[in-house]
Amino acid sequence: MRILLLNPNMTESVTAMMVESGQSVAAIGTELLPATAPRGMPYISTRAEAQIGGAIALEMLADHEGQVDAAILAAFGDPGLLGARELFDFPVIGVSEAAMLTACMLGRQFAIVTFSNSLVGWYRDCVDLNGMAARCAGIHALDLAFADVAGDQEASAERLVALAYEVVRDSGADSLIFAGAPLAGLARRSAHLIPVPVIDPVAAAVKLAEALVALGPRKAAMGSFQRPAPKQTVGLSERLTARIAQSDVILSRGHSESFSA
Amino acid sequence: MRILLLNPNMTESVTAMMVESGQSVAAIGTELLPATAPRGMPYISTRAEAQIGGAIALEMLADHEGQVDAAILAAFGDPGLLGARELFDFPVIGVSEAAMLTACMLGRQFAIVTFSNSLVGWYRDCVDLNGMAARCAGIHALDLAFADVAGDQEASAERLVALAYEVVRDSGADSLIFAGAPLAGLARRSAHLIPVPVIDPVAAAVKLAEALVALGPRKAAMGSFQRPAPKQTVGLSERLTARIAQSDVILSRGHSESFSA
Amino acid sequence: MRILLLNPNMTESVTAMMVESGQSVAAIGTELLPATAPRGMPYISTRAEAQIGGAIALEMLADHEGQVDAAILAAFGDPGLLGARELFDFPVIGVSEAAMLTACMLGRQFAIVTFSNSLVGWYRDCVDLNGMAARCAGIHALDLAFADVAGDQEASAERLVALAYEVVRDSGADSLIFAGAPLAGLARRSAHLIPVPVIDPVAAAVKLAEALVALGPRKAAMGSFQRPAPKQTVGLSERLTARIAQSDVILSRGHSESFSA
Amino acid sequence: MRILLLNPNMTESVTAMMVESGQSVAAIGTELLPATAPRGMPYISTRAEAQIGGAIALEMLADHEGQVDAAILAAFGDPGLLGARELFDFPVIGVSEAAMLTACMLGRQFAIVTFSNSLVGWYRDCVDLNGMAARCAGIHALDLAFADVAGDQEASAERLVALAYEVVRDSGADSLIFAGAPLAGLARRSAHLIPVPVIDPVAAAVKLAEALVALGPRKAAMGSFQRPAPKQTVGLSERLTARIAQSDVILSRGHSESFSA
Amino acid sequence: MRILLLNPNMTESVTAMMVESGQSVAAIGTELLPATAPRGMPYISTRAEAQIGGAIALEMLADHEGQVDAAILAAFGDPGLLGARELFDFPVIGVSEAAMLTACMLGRQFAIVTFSNSLVGWYRDCVDLNGMAARCAGIHALDLAFADVAGDQEASAERLVALAYEVVRDSGADSLIFAGAPLAGLARRSAHLIPVPVIDPVAAAVKLAEALVALGPRKAAMGSFQRPAPKQTVGLSERLTARIAQSDVILSRGHSESFSA
Amino acid sequence: MRILLLNPNMTESVTAMMVESGQSVAAIGTELLPATAPRGMPYISTRAEAQIGGAIALEMLADHEGQVDAAILAAFGDPGLLGARELFDFPVIGVSEAAMLTACMLGRQFAIVTFSNSLVGWYRDCVDLNGMAARCAGIHALDLAFADVAGDQEASAERLVALAYEVVRDSGADSLIFAGAPLAGLARRSAHLIPVPVIDPVAAAVKLAEALVALGPRKAAMGSFQRPAPKQTVGLSERLTARIAQSDVILSRGHSESFSA
């Protein structure tokens, strides 16, 4: 199966790190198709940037429609996730969503550690939006710049792991999530140094995307995630315009259809 | 004072209706500056469209920066609100936020009535995001098309009021919100027919925007809504690019400064 | 418009401070009518006192009925607010309610700072009652006596501002509320020393009262805040007795009435 | 032990009904001391009346201080409860609180049935204030006048029991509370007709009051229910004035005192 | 009345301590029938052990059916409580449930202090399961072994009381619960050293069990705690097998039965 | 990888149905090892039975330790799950947990449909325990006996699908979970008849178990799910006794260990 690993940020090197992390756990037969945002910003780190980056993510999804079996929104905070889930027929999974759902299978509360304080507000919104506030034992950050971490994860790894250790010890968290695209892979490298399960959001998302593809859920034709009605738009990208306009009709079938085993 | 009445939808006639509704309650000296989205869609009605429309709203805010004292995001669901609040130095208020906060001063629970079922999922997300789920007695809708309502509010007014009456009677709600831009003004016209306070989101937003301007809160220089650090972006509108890039530095002042009354 | 600024405490000098704070933001045409409790206590600071003071507030409201367009319950904790909202036909707003709703438009979480630890329990009840627990980043207090603060706000201003600064820095709050009547005006004086928006509950209440008067919501004739049925009472103040007894009948109108634009 | 059965309403016949209900479950040695409000209203049925009635309840408690081991606030909605708990040294229990806590020992969710729709809003506030919203399967009412029910419980008993039966069947509630003073005793009389445990709030309160007296908890000298500092008041009843003024000092003892078994 | 004091742990000396604590508050006429688990573990301290110990508790309850009027599940965490409440016709009360409900009558929030950190996770689950998270100001523990505390409460009493004092002072809790069977009786011995009410879970449970027996609630024949349908099982204890199998039919009576006062 | 498909019920034919459902989505290389409870009951359907069945599940897990890479607790309601997760070193996943987490990736709210009303109370507890109450749009059931459904799923399939269709249409749910072991496979067979994604709990659990095995989280050595300390027990099964007793020591490693990439 082909899974789109969509980085709504513009930094190719970070996309590469995430592909590596995802590849390390992918099943045989799973191909990760990387895509890096052609416009936007090097790294989304605020609510405003997530608003913009999420819209760009929808464009990118429209560009890859038909080529993939599922897509991963690979920026912690999951910009554009709910809209994507509504608009497209293939499963779309966010890396923060994937990390938190995975944490739910490993204990009662998770803690989140990231590299920059500027991310904490947006990440907290994301935890709330997922209804996970009661399961989050805290979000903690160093105060590093994106450029420094993205360029050389090694340089800050020791400090991040030390912070994670302290957070786990002091918060009573049952698992630890390393959040932020440039931390991809750190979970695996540091698992032996942190006394609870450590979760890599990209790795978790790859496995959950594979799971969804295997389960093969149909696109909703009822409820609040049903395919929206076709609509004419102005000034959007070509493929996104087409996606919103065409909406090849999926009728809500009644159960009058006879049931056949 | 000048308040931007920002319609992230492209339908000018609806902007006009909202201006009229807002003007009817505006204080002497308040000028409403209307703006209609130059691109996007005629009417935002899904999560995906809100993701896109919210990004367009940020562009529009950047275009009007320096010309207004506050801005109203005039689409129920408040696309882009939190990002706008973070990015700009003037107060930005959403019409759904304004309606719900006003309802809090008029009773324990409010009900929401709108014209199309397709809006309900997105509106419910908005209620949740505002932490208002416990105060919402329900979201109810007819199944009308935007074009029909926008073209002629009169045609559907009686059905909407009848639905509102039933919802109030059956849900125990203490107030009623008519949601959706093409319903602007309906609250005032139907107040005598509905036995609880009826709230017009645009009117409520105008009064709360005036309140905020008068209170003159400073732009946060700490916390999760502080002005983001400057950042280079690619492919965004000229003014939005500048806004994100410049970020004329507001330093977090320590309290070492002497206190003077 | 005339707005009753009702101080359910007996300290005239504090009423004066609050009038000054309110006046500083009031619109042209808004007249604040001050009223200080004729009996009760110098300063409400416990749940028991709020129970008593709230009943006195209802008496005071009955005494001013017909003379004002709206009333502000000007003691943080809002003693008697819900009863007042139910019993009277004009809008009644509490200062703590106003402060918290205003904070909702300025960020995700607010912190509360006050002058005496003895107030914290009651204030926390008030936050809970308003359903704002998830938006409150903490309530913090010095341990000053009312008499000292009421007599000379200046004396404690520096310590209060220092505490507020620390709370904002450590709690991640997006705004700060100075709670407690004798702190009226402190928000404005210290805004330049605290790195997030600072909210004066009285000022916020004046603006929200003006907003409600302009919006002109009808008195509920259905729901849980409808005007209570007339009732004979014994031993209450003359005007309150009359208010509860007469209840000039507002019938719940059906929507059979024809709709007219 | 002597337990004050305090009816904050003025209707003596209802007090008598409640005494009878309480007496039927009281332990040997428990004496119920009835007290009926000397002023206020025949029956509290709104938030405003509860504000006033709660203040009267505090007066009544002050009048009986020293004569009783505990007190029961015998009006569903528990007017004045938290203030009473703070101000007095003996345990004070509310009948709605007692009913809900008892229900917690008998299943997951309880339903509440009462005689008048006008009570529902206030009762719902009470459920919320006790943090019991998630355990409440609904509040349902007939539309009877207090006078009718108080004068002759028999006349409405069959309709109330029929409503209770329907509510239990349709809501999935695990227990049923008959709320409202004039329904005292109905639980016992109808237990064989309702298929889940039926709770009489007064009876529950008598047993929980006995429990608290036996457990002999000390008066808090720390936390938010510690005895308030002495305060001069104006215009309150003689005994309540004294209670608030004197506050015979209970010092917070440190644990430096040696521990002795 | 006879109340089974069921210790699902195997340590007889701890059962004896709990009987003594319970006896000290029991009413005249209340007989506590002690029972100590014949198999399982000396002391339940994890979720896995609670799963096993709860099943053993059901066996013990089946063994004592017919001999008692009510039963107390005397291990903090209440292993097996909900199953017991469903399966048996007499009231079953857990000691942690009893402690928390009692705390609700003594203030807004309680703190829990116990002797071993290994208990905290399980106790927190128990607080959550009872819907009491918002009323719990924290769970704090020393790091003592069960054997040490069970053998000689005296040895650790001073440290436990000192911890309780600190927790109360720092958390703002309104009451304090000493949790864990080997701490039975400590509440009474230390009440004069801790400035808020101190709750002994066993003592609280005895009083609430007496209350329930006096109130005489019927066994549910509807709702989620109705007596389960008879079922054949394999390999369970003789009496438990019989209990699950026979289920002497309690039919859900309709309210067609005539109502008789 | 080998995954234990543990049926804590005694009905072999149901185990077979679940294996078939799981096998249909399992990855190449995944072997499902079925195990059916050797004692207990044909089918767990109450809280009491879940208490007993969960303890039996722990025995079964101990019996298979060392033979599998992960285990699935294959009874909706997940009896014994948290204890298992604490006690064993390999991942243990419950089918209801798996179904609900999967539903979170497919929309905002899920509805649950099962075959017997007697299951609803226990299932609702399970939803609550997972913190999923806000995401559950309702639990609905037919009133069929286990024996009938287990013997012949075909017989009731049409009625179950019709109920599911109605629930989806009326509740606004975004996905549908068929709960209850004898409904294994029904989701797949009926997906074309229900207009939202339909989730088979066993299939979901197989995919999530595969995901966890691939992610390879370490066993917690800190937090509330760390491996319990060794303990001597009496009367438990041989392997469970050994598991609890030995607890081959996993020390909590400090981060003093040098970090190596």
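Letters are used for the chains, namely A, B, C, D, E and F, taken in the order the chains are written, and counting of residues starts over at 1 for each.
By definition in this document, a contact is a pair of C-beta atoms (placed from the backbone, for glycine too) under 8 Å apart; a residue touches a chain by one contact, two chains touch by 3 or more.
Given the structure is predicted, the values throughout are model-derived calculations rather than measurements.
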Set of chains whose contacts include both chain C and chain B = A, D
Which one of the chains is farthest from chain D, going by Cα centres?
-> A
Most widely separated chain from chain E, with each centre as the mean of CA atoms = B
Chain centre separation (chain A, chain D; CA means) in Å = 51
Which whole number of Å gives the spacing of the CA centres of chain D and chain E?
-> 25
Chain E and chain F: spacing of chain centres that average the CA atoms, whole Å = 28
Please set out, as single numbers or ranges, the residues of chain A touching at least two other chains.
-> 85, 108, 120-121, 124-125, 134, 172, 223-225
Every chain pair meeting the contact rule = A-B, A-C, A-E, A-F, B-C, B-D, B-F, C-D, C-E, D-E, D-F, E-F
Chain C touches which residues of chain B in the complex?
-> 25, 27-29, 85, 91, 93, 97, 101-102, 104-108, 130-131, 134-135, 154, 157-158, 161-162, 165, 168-169, 172-175, 189-200, 203-204, 207-208, 210-212, 214-215, 217-218, 220-226, 252-255, 257, 259, 261
Please give the residue numbers of chain A that touch chain C in the complex, ascending.
-> 120-121, 124-125, 133
What residues of chain A sit close enough to touch chain B in their complex?
-> 10, 38-42, 45-52, 54-55, 58, 80, 82-87, 118, 120-122, 124-125, 128-129, 223-225, 228-229, 231-236, 240, 244
Which residues of chain F touch chain B in the complex?
-> 108, 134, 172
